[in-house]
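These are the structures, in structure tokens.
Same chain, two partners: subunit A is paired with subunit B first, then with subunit C.
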Partner chain A sequence: MAKIVLKREKPLNGYSKVINKIEIAEYKFDSLISLAIPLKRERKCKLNFKNSLGEPMPSIENSIISKSGILGFRIGLDLLFICNPSHSSFAKKTVPLLKQAFYITDQTGGWCGVEVDGDRVIEMLERICPLNLSQKIFAIGDVKRTIMDHLNVIIFRETEKKFILFSPSSSSGSFLKSIETSSRNI
Partner chain B sequence: MRNSSHPITNKQKLSFTFNGKKYFGYKGDTLASALIANNVKIVGRSFKYHRPRGIFSAGSEEPNALVELGAGPYKEPNTKATNVELFDGLEGSSQNFLGSVNFDFMAINDLLKNFIGAGFYYKTFMWPKRFWEKLYEPIIRRAAGLGKLSLKADPSQYDKGYLHCDFLIIGSGISGLMSALLLAETGGEVLIVEEDFILGGRLNSERLVINGNQSSIWIGQAVKKLKSLKNVRILNRTTVFAAFDHGIFAAIEKKTDHILEKSPKPRQINWKIYTKSCILASGAIERSIAFPQNDRPGIMLAGSVRTYANRFGAHYGQKIAIYTNNDDGWRTADDLKNMGLEIKAVIDTRKEIKALSSCIPSYLGQTITKTYGRKGIKAIKLSSGSKLNVDCLAVSGGWSSNIHLTCHKRGRPVWDNIYKNFLSGDNAQKDNIIPVGATRGIFEIQNIISDTNRVILSLIEKNGLSMPAHIKLTSSKEQYSCSLDLVSSSNPSNSFIDLQNDVTQKDIELSFKEGFKSVEHLKRYSTLGMATDQGKTSNILGLASMAKLKGTDISEVGTTIFRPPYVPVAISAIAARSRGKDFKPTRLTPSHNVASKRNAVFVETGNWLRAQWFPEKGETFWRQSVDREVMQTRNSVGICDVTTLGKIDIQGKDCSEFLNFVYTNAFAKLPINRVRYGLMLREDGVAYDDGTTARLGENHFIMTTTTANAPLVLRNLEFVRQCLLPNLDVHLISTTDSWAQYAVAGPNSRRLLQKIVDKPKDIINENFPFMACRELTICGGIMARLFRISFSGELAYEIAVPTQYGNALFDALLSEGEEFNAVPYGTEALGVMRIEKGHAAGNEINGQTTAQNLGLSRMISKKADSIGNILSEREGFNGSNIATLSGFKPVQHSQKLEAGSHLISLGKTPTMENDEGWLSSVAFSPTLGHYIGLGFIERGHTRVGEKVFAVNLLQNKTTEVEIVSPHFVDPEGIKQRG
Partner chain C sequence: MLIDHPLLGLRDSSEFIYMGDAKLLNRPNWKSQNSMTKFIDYGYLRKNPAGVHKELWYHEQGDRSWLVVTRNTVTHEILKVELARET
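What follows is the complex of A and B.
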């Protein structure tokens, strides 16, 4: 039997473009999982998180980046996301460790990440993002769940002028169009 | 005319056309100021009587100068010339006339004025009844309206956006700028929004002195300072048009309206502004006085005459009279006289005043009883009998605080008897809208300065912010007092109260006589205060007139309140970028690219685009493709993308208890690696949604929902989890987007899948029977989930892989399936096969049917509580006469069935009383060679073999059908278990 190879695709096929000095690029990650904290087990989860990723479990709407570059963010009372850009031992070592405390759901295929970076990025985001992105309110490392152009979005502030936006993969084309349109319109 | 020494004449000269004639203006002009400078007096015709009208005001309160701008698809009607920033190449034209604006055939209405007063068509067009729709209404509609739409799609771009601030300051006059300077010192985020294209508000219209200099110097300094501050943002050309709850305001920013070249950038932006406090510095609006023929071109608000003269160096004529009931009218006289214009007279309704200019001829205690000059005022007659020749009459009935936005949340204004003015009520303060300056009813600049300091510093103190120092300004001294002499007692049919809607004093009297005395009734009966200006210049006149008739004062009469929008807003700006295909997001299935390459015809299902069918060469009609897809699937194997079905990952130690509560049937004992069909009810016992749920582990289930209900079911489950059963350890994650899921159906489906899965023996019937599921690997280690479930009735599976492998797997299944003649099939073939099998779908579970209707009553567990369980036992749901899901086929096989047809017993007439049910889904069955249908009919399960009529009254079609089992194909389920 001939070996069948399934080619993995990115939602935006590695898109990258600069519009009005805003760099827009697909945020590439190897895997994205969600961690649900079992009822009344937060303390155990905090210990497990620290052991698994070497960083304290973030508070709600906050994030951590591990030494190996793994991004973890908490978007609710009992829900976190872990985004692994490329760390090879994540699936074999880290995930089984996390499974000892959390309920884990693989969401790698469910989300598309878009990085937006540049001096005019706030101006651009003002057209689609209903959140107050003032640094006093939404500081570096903060993360929030919101709606942009009717789409569910998780926004993460990496630096003053750089954000990562996660939105559902099925509508990633529409979301990218919203970002492009906003960038052109400023 | 233009004052040649005015600084505006040093600016760039601009050319524009109005009614096809070329004119010149200057950068900094509005269209209105440029028309005045060019002595264009008639700019439009009035709404009802088509009387010639000229420019009346200098702002968004303008009732007369509504013009059409642009050409072709860019044409925009009903634009206020007073708000239009002049640019080189501007094209404007008058509207609402038949013939030309100078000779309007519709002006015959003016002669019929006595017959077509307020409410005339409520009375006139009562009979004969049948004339209304075909005669009266079309005529009225043709005669009504102002400008005309281009009837072409607007090619301009629009956008929307969100702004956040601590302090929103609406207006940039002296109180707005002072507020901004003070609040900026606190470090809070300040947003200044100004409707005009320059900042400064009313100061730009006056010759006031601040700190010993012209006020423009102070404006420049203040604006420069504000622009240098990082926490201050200024939006000019922006109008806040609505106030909403929770400190939310809506504003329209005009980005490119003042540029001729059509820009790819948005023309306007619809901003949603979130603020903690709003400082309302929107100033005040001057009102008119009602006197006979007070609507002639050349009769203008006195403050506006002053604005045009001071700011733009523009004025009508040389012989100007001022008619006033307050001190401010005298200021206009002073300013115009200082410009060298001849002031023929100041007519003041008050008998005693402190004369402001002794060298101006004055007529105290007098009124104007008549004016002359149809197409432009030529003379006025006073109550003393004197007649004065004038070519411009400036009228001032006093000032009204611009409190429009304070009313949007039902704030009711209160009457201030000192300044004869409505002020914002307590509601505004509760809503954190803080009026300052003239908006607070303070009209003298020296008092505005001290009061704004006091109000803003008090706000800062109240909020516990760092206190800035007072702003110390010295200024000119003003005085303002006003009488309420607003309506004349003579010739009420020609005394206009509301210029925009042609409401006269006679109309107010008629309203009073007919019992419409309440202000709410008055407004609706007479149309006072309606239309694009919302009565900004006329409301107080109307109220004063009604007060006079009732023998009371305005505070007793009360007032209607303003509603959003403050100014007209283009529908396109409200829609912003949500037009055409951008109206809503599009969701693509994981196999979209492969389906596109195979020429799939797509259909919108919610936001999803799904392949409907896959036409092949030579197929010219959709059913050829669908029939082929069905037959190839039933004969061999077909593959369909079913990713759009909702997938919910349910984990937690209490998830089986949770599922027992949301489904009518039990899931606690479902073995691991097995699937069960589940039915959900609403709380009222009506069927809500159905689907299969697979158990992957002791504490791990995967629920599927229908495509249409996926978000609703998840929301409902979250409600149950968080509100009804908060003590259960259950977690829900939507994984619809995470997994690409394909149905592989048909007798060769297993053989095809065995080529894909890494361990083919794992899926033989013995190891993987009907309703089994498992996690496995395919194609050399790719994680996958396999479910042995069948919607088609065939031996079938659904295979799921992470979405990123979706296109690849769909392609692989088709290429590996070539040896079986595998076919991709779309939603049409899917629908046909599920009808053939008798599976209920959205047409059957449509919010009107119950488990009993669907023949699923045995699925309602009586042992445990579940949502809808109790109410499903209602008598009406369980009688012997209830409609049940049945199959239907035409007696004559060549006949077509129509979904929605009503089922009527043979020999009975198709009436509501005889209606026994309906056809919910129909399809042509290529398997059986004729149409089939599913539907609901009373006692259907006991009437198999009986013939009834399927009546479609919309198509006037009656078809005789036979009631049969809903399971047209493989009723015993042998195939799916094979």
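What follows is the complex of A and C.
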């Protein structure tokens, strides 16, 4: 009997488009996991995080990027996300290490990522995002969870004019339409 | 309306869900003699004041924290915001 291998589809099917000089593209990643810090185990988790990813555990609404390109960000007191773009040993080495201290949930299929990049990206985002995106308040490397067009979004600032937005994959089409519409409305 | 989250700063109220009177934090002791009366009060009776009121707000589209917000229901002025876990 032939061996069947299932291949995961990307939520936005590799979408990429430029609207009003804003580059909108699906952010592709291999895996996304959430880490919860067990009660009274923050110290152990901090040590474990450093050992697993080689970077200190970020403070709330901050992020780290490891040498192998893994993005880690902290949403709340006891909640973090780790996004692995393409590092091959992540599932076999890093995740088992993290499991020694954190509660881990694989959320890869639950989220889609969208990169938005361009000189007018702030003008586009300010139409749908209730956050203050001024660099004094929301600096490079900062991350926040918020709501855009009634949809849950995690927003990460990669550079001054480039953001990565994570939103639930089940509503990724609606979210993309919001971004496209907002880009046209500049 | 903006809510000054103790950890995250000013955030739009659309990120939060209003979860009712903050008295819900003080669950009655089921062993007490008049526990039935206390639970009816806890479950069904609210003061609904026109003025200063302590409320529970859940930051669902944010860090998933529970807040106790002291708010004037007439003016919507927010007087104090605390993490529920620290009250």
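We adopt the following convention: the second predicted complex is superposed on the first by the 186 of 186 C-alpha atoms of A that agree within 3 Å, B and C clash if a C-alpha of one lies under 4 Å from a C-alpha of the other, contacts with A are read in each partner's own complex, and residues count from 1 in each chain.
The definition used in the following text is that a residue touches a chain if its C-beta (ideal position, glycine included) is under 8 Å from a C-beta of that chain, and two chains touch if they have at least 3 such contacts.
Quick caveat, the model's predicted, so the values are computed rather than measured.
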First, second, both or neither for A:Arg157, with subunit B first and subunit C second: neither
Which of subunit B and subunit C A:Ile147 touches, first, second, both or neither: second
Which superposed partner A:Val5 touches (first subunit B, second subunit C, both, neither): first
Which superposed partner A:Pro38 touches (first subunit B, second subunit C, both, neither): first
Which superposed partner A:Arg127 touches (first subunit B, second subunit C, both, neither): first
Touching partner for A:Ile60 - first (subunit B), second (subunit C), both, neither: second
Dominant toucher of subunit A (residue count), subunit B or subunit C: B
Touched partner set for A:Ser170, first subunit B, second subunit C, both or neither: first
Common interface positions of subunit A, toward subunit B and toward subunit C: 79, 130-132, 137
Contacting residues of subunit A [partner subunit C, same complex]: 60-61, 75-77, 79, 130-132, 137, 144-147, 152
Touching residues (chain side subunit C, partner subunit A) in the complex: 7-12, 14-15, 61-65
Subunit B - residues contacting subunit A, complex: 157, 159-164, 189, 264-266, 269, 272, 274, 577, 582, 584-590, 607-608, 643, 649, 651-653, 699-700, 727-729, 731, 733-740, 755-756, 778-780, 782-783, 801-809, 812, 816
Subunit B-facing residues of subunit A, complex: 1, 3-11, 34, 36, 38-40, 78-79, 103, 105-111, 126-132, 134, 137, 149-151, 168-171, 173-175, 177, 181-182, 184-185
